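The two complexes that follow have subunit A in common; it is paired with subunit B in the first and with subunit C in the second.
Here is the complex of A and B:
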């Protein structure tokens, strides 16, 4: 079989050691969690790091725990299966456990990690191809060429590859924050700000940084959430569209609603104006339809993944509508003050 | 540079000097001659290379062999118990869950992982467990039936063993 490009392999035992290695090796190194994203890309020759640094032996990076006044702390090396099975996640934010379960297949969730999902590389039909295929065509902008072939006239100089991580989309809706550590110190940023929108360089993480914690703030306690995924098959596939919704029902009315759409752009897209539209209102069918139309408006997919553009856009509307209907149903069931 | 890696495969200890870029699938098939684990898509999309690492079903094509240092690997070759087939293997035969056979080792390992955690799965639980394994021949129905039937096959084998007989490896030469 076609071997992987050669690299040196390291397994640091602590975050400090990993940060030291990254400070020394910089962009010559790639971090590996479960390998489900990096290894196929290396197999296709898309990445040829000189060093692969595994985080698997760093025990501190694993586990899901609730801390009063702080929130749900998720270690980035927690596997997606551990996330979907986590009693704390299921009790406090069941939609996050459910979103983890939507990823890939049982084997991919057994290997893949929460951090790996957040750092998932963007994908495009012009980029994620074998070396033989790539040899026959002009390189796209993500492969060092001049133009994005998926852009409408094929002349954009920016990469529009798609961000397809299910759990990440749900975590943005949950106002999650991430902590990034380098040899020089640590910083914590909103997960939403972690994504740049540039398909060629999708996260704001620097080559010398390790993602060390994902936190869903304690203020999110009691929020209702849902994540719905549209794909061709009910397993393995990346989302054609993924819709995450969080809101707080009070007295039969909606508060703090936030909708995030994945699988259509180079970043998880926060639906603008949706929170304001729904704030303090009773979520009936008419309002849900207006909100779903906002979601559709925010989705401007390009011809870079499965499904044509108009279809994907329409399915964002459809899945947004379903997510809102589910939330309305759950809010009524949660004893929001009005019988359903 | 090669690294020395200790692997426990099917209860046998191996010490191998490996280039770190080699996957578990390459090492199983090419260094250890265990070709029961199949190579198909090499991209994590088909499940044919499913093996158990520390009892967890993983894809050998995406697993670096170096990352398995000190771990226990179980492949399809490690399932049989002496001369007897594993009950799940026998159930696959009994239910006709095999056609071309290329997906079968991966299907059985995914099914085994389910049965280890949930000894009496429902058909839907069996379907969920093999959701990452593609089969282009059977239509999956007999595979699901085999996984669900495995506990009964296991019980029958136990009763058979008590009464002096047991399921034998079928002689392929006959």
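Here is the complex of A and C:
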């Protein structure tokens, strides 16, 4: 294991104090939740922040609670273990608890947090390598070089590193919102808009902002949801394709369907046109097939993670088909959604 | 076989608690006063001439105590069969990750900064990454002076030419006549990948120069005595001035049958006269240690209509990387390439080929998983095309007691047939298909077991306890406990009465290193013989005191007992303690053996890397899989393993070995690969190399068949290698039976399964 670069460590006791620190230190600081993403990256020399600010001591940032008329409030410092075990989450949005359970391994979920998963750094086989490894090659765009080496001809100036947070894919499908707070105030945005699609700078959060809340709006109550993950091994591995689906069955027909593809691009990708295609229709096999093809079309994997790109694209199709079949089955039944 | 009091009985590993609590000391736990930290500068290029190295800036950095390059150390090379590697690259670099220079500094960050300050000017050379391309006449040559290198094997015509650093040829019968007499001839090509041993503990050495100027090495190794000899030859230091003290080994699996960190740490310690620690990062493990050989295997087999194997021609192209620390794996691959079958006409050609990639070396299975994957995959193809049951085809052709292998070696203790029959019964075989997309796959394996030199000393203590010294290392497989049991059984003691001193070259006699299923079989046999020597001396001493002929005495329950009148006995402590004070002592038993003494017939084998092995182990594995034909994903639900390992000494240790072998075999079959592009490892981490996790492991059932090997202690053979080698073909065979997809290259990825199914979209 490589030694960690030197840094100063801060443990603010409140969000306000954290925001003050960030206002002062700006991009010289990195926030740390459970550290399961940041620490290995720092050991590889990918980040050398002068300050590491832990949110561990801020009790307000932890816990999952339901508030009538508001929704499911998830504190970003809630561990993934707590999220998967949360009675509120399991009762109201079982697919979110299930998605949390798909992350890493029990040990990683014990440390890793919901907020950490949403702020996961993008990954790429050209980027997530040590300095020694990088010495053998030209730097990629995320490392300060000119081109994205994973881009089709290796000439794109934009970074295409993969965003691979399981929970984010499911939460975008759940129309979640996030609140970001800085010393100057707070703002709440759609989680879908939190992601920029730029692998080099994947979130819209500013260096002075702390993610303080994740909210699944109360209007989402009763929605059916599923998250399916493709990975090489059954634990630890990041998704190399993932599909989340939410919809509302009514009178045997589909309403408000939303499908999100994860583990492929630099952001969770909402499958365009899928909601319109399914709206008010009976979800039969032909329709599911058309919808799955839409999902496949929206997936444009590059050769930057494990697994073959064409196969990952095919897995999006296959998982979309399965998620839809599951939803159709659940809708035809009691209407309760059992997530996988 | 007799009734044993300790052998075959549940005996917990003596070091288990210390390992679980963290008390056990590993090489990275060694911290000496004034210790310096070493770091290695590595080549960023796969093949280049070194024009110039300037270390002046690094030397000038505050806190740096020494910087070494090839110019600062003797021009000496080492290796197992071909002495091709020096401590540092000399004149040119041959792979990305090769050591070019090393620094010792007051702390790790200073050492890292100093390494960055070393300036090296390279002149890039054309590189070759594919073993078959490396054979082409115009291929870049890695070792221009190869023909002049010292070798320790019988050189064949092609060996030591171009990029071939080792070649074995085996020929028995008349293979062309055999093909002519066959009803069918099958020809297939199989491809295998590199696989990292995935031990958790990285290579690590703390080298110290003691007050007398002796070099003391604390390390993690499977071969302390060979380390000592290599250090002596590389550094020009007499063996008496070198002490190797191995710590607990955090996994070896063959990968620590290596000498990687020791010479550099030692040279730096000699230079600075301070303790120096060199520990590989996990990344260095994946770029600069060793993996299993990747390669290509071409297999042509002739059979009669009824399934009788008539002739086999195998060509093995093993990619050894830029140096050949252990081309022995190629030799073992050639031996296992016929599978455990009688084939009257055989020709095998096996090549170890240089490429500009990280090195290949020893790893559990040691050259056999590759050729066994080919053989056992093709056996299933033959069964399918001839309409035979896969078990029946194997039973029809399997070796039996008294047969000779294609190498001409006569075989004893051969129970492969019994393993097949038992496995078939255990899985309730009614053919391979179990249901839609579910099937069983079977594969057999043969592996050379035991041999080479080892020794042991058993010292009897005054209180009747015993101290065993052996150079045969415990690398976590539990050898220490097995040695205890063996000595205790002979001496009539409980395992707790026996302490095993292991590895320390000042205290233990020579052993050549632990590999090739020789720990229990050969190391254990030396302990048994040494204990018997001690026993005979004890009985002789007691006979005088008891007035009874020694022949009537035996040792049991810490006593010397008259077999004819058990009420007449002496306590062992009285015999030993009294004797030691009166006459001097202690009683010391010793044994030195070499179980590899007979040379192969040069009319059959050319290029033999060894003499005939002590014996062979056999196993049958049956994998139960479910394959999703839409995703191509294979899930292994269960593996049934039946082993022919002779007498079982420690049942829990055996179980551990078998489960561990399955994990390695499963990773080889489905997940693991060291992906190298233009000479650079693309996935240098556990995360990206993907050894299986606990949840990927299938249900496990295993059994042994009754057997007794005359050369092993109490009839025991090994199990470490044969538990790996035929897992992958069993899984690949099951995949074909499940969905009709034959994958001929490892790992069996979902993509390959879909491609074999001819899926349109992918």
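Keep in mind that, in the parts below, the second predicted complex is superposed on the first by the 333 of 340 C-alpha atoms of A that agree within 3 Å, B and C clash if a C-alpha of one lies under 4 Å from a C-alpha of the other, contacts with A are read in each partner's own complex, and residues count from 1 in each chain.
Keep this in mind: a contact is a pair of C-beta atoms (placed from the backbone, for glycine too) under 8 Å apart; a residue touches a chain by one contact, two chains touch by 3 or more.
Computed from a predicted structure; not experimentally measured.
A.B. asks: State whether A:256 touches subunit B only (first), subunit C only (second), both chains, or neither.
C.D. replies: The answer is neither, since A:256 touches no partner chain.
A.B. asks: Quick one: classify A:2 as touching subunit B (first), subunit C (second), both or neither.
C.D. replies: both
A.B. asks: Taking the superposition as given, does A:105 touch the first partner, subunit B, the second, subunit C, both, or neither?
C.D. replies: In the superposed model, A:105 contacts both subunit B and subunit C.
A.B. asks: Considering only touches as defined above, state whether A:17 meets subunit B (first), subunit C (second), both or neither.
C.D. replies: neither
A.B. asks: Touch check for A:236: first (subunit B), second (subunit C), both, or neither?
C.D. replies: It touches subunit B and subunit C both.
A.B. asks: First (subunit B), second (subunit C), both or neither: which does A:133 touch?
C.D. replies: second
A.B. asks: So in the superposed three-chain picture, is A:306 touching just subunit B, just subunit C, both, or none of them (first/second/both/neither)?
C.D. replies: In the superposition, A:306 contacts subunit C only.
A.B. asks: Just subunit B (first), just subunit C (second), both, or neither: which does A:314 touch?
C.D. replies: Touch status of A:314: second partner only.
A.B. asks: Could you tell me if A:326 is touching subunit B, subunit C, both of them or neither one (first, second, both, neither)?
C.D. replies: After superposing on A, A:326 lies clear of both subunit B and subunit C.
A.B. asks: List the residues of subunit A that touch subunit B in one complex and subunit C in the other.
C.D. replies: After superposing on chain A, subunit A residues 1-3, 105, 234-236 contact both subunit B and subunit C.
A.B. asks: Which residues of subunit B touch subunit A once you look at their complex with the stated criterion?
C.D. replies: Going through subunit B, the ones touching subunit A are 1, 3, 19-23, 25-26, 39, 42-45, 47, 50, 56-59, 61-64, 66-67, 69, 110, 113, 128-129, 131-133.
A.B. asks: Tell me, which parts of subunit A touch subunit B in their complex?
C.D. replies: 1-9, 11, 32, 34-36, 39-40, 43-44, 52, 54, 56, 81, 104-108, 110-111, 234-236
A.B. asks: Quick check: in the complex, which residue numbers of subunit A touch subunit C?
C.D. replies: Within the complex, subunit A touches subunit C at residues 1-3, 105, 125, 129-130, 132-133, 135-137, 230, 232-237, 306-308, 310-311, 314-315, 317-318.
A.B. asks: Looking at the complex, which residues from subunit C come into contact with subunit A?
C.D. replies: Within the complex, subunit C touches subunit A at residues 42, 44-45, 96, 108-109, 281-283, 287, 630-632, 671, 680, 682-684, 687-688, 690, 692-696, 749-751, 754, 759, 761-762.
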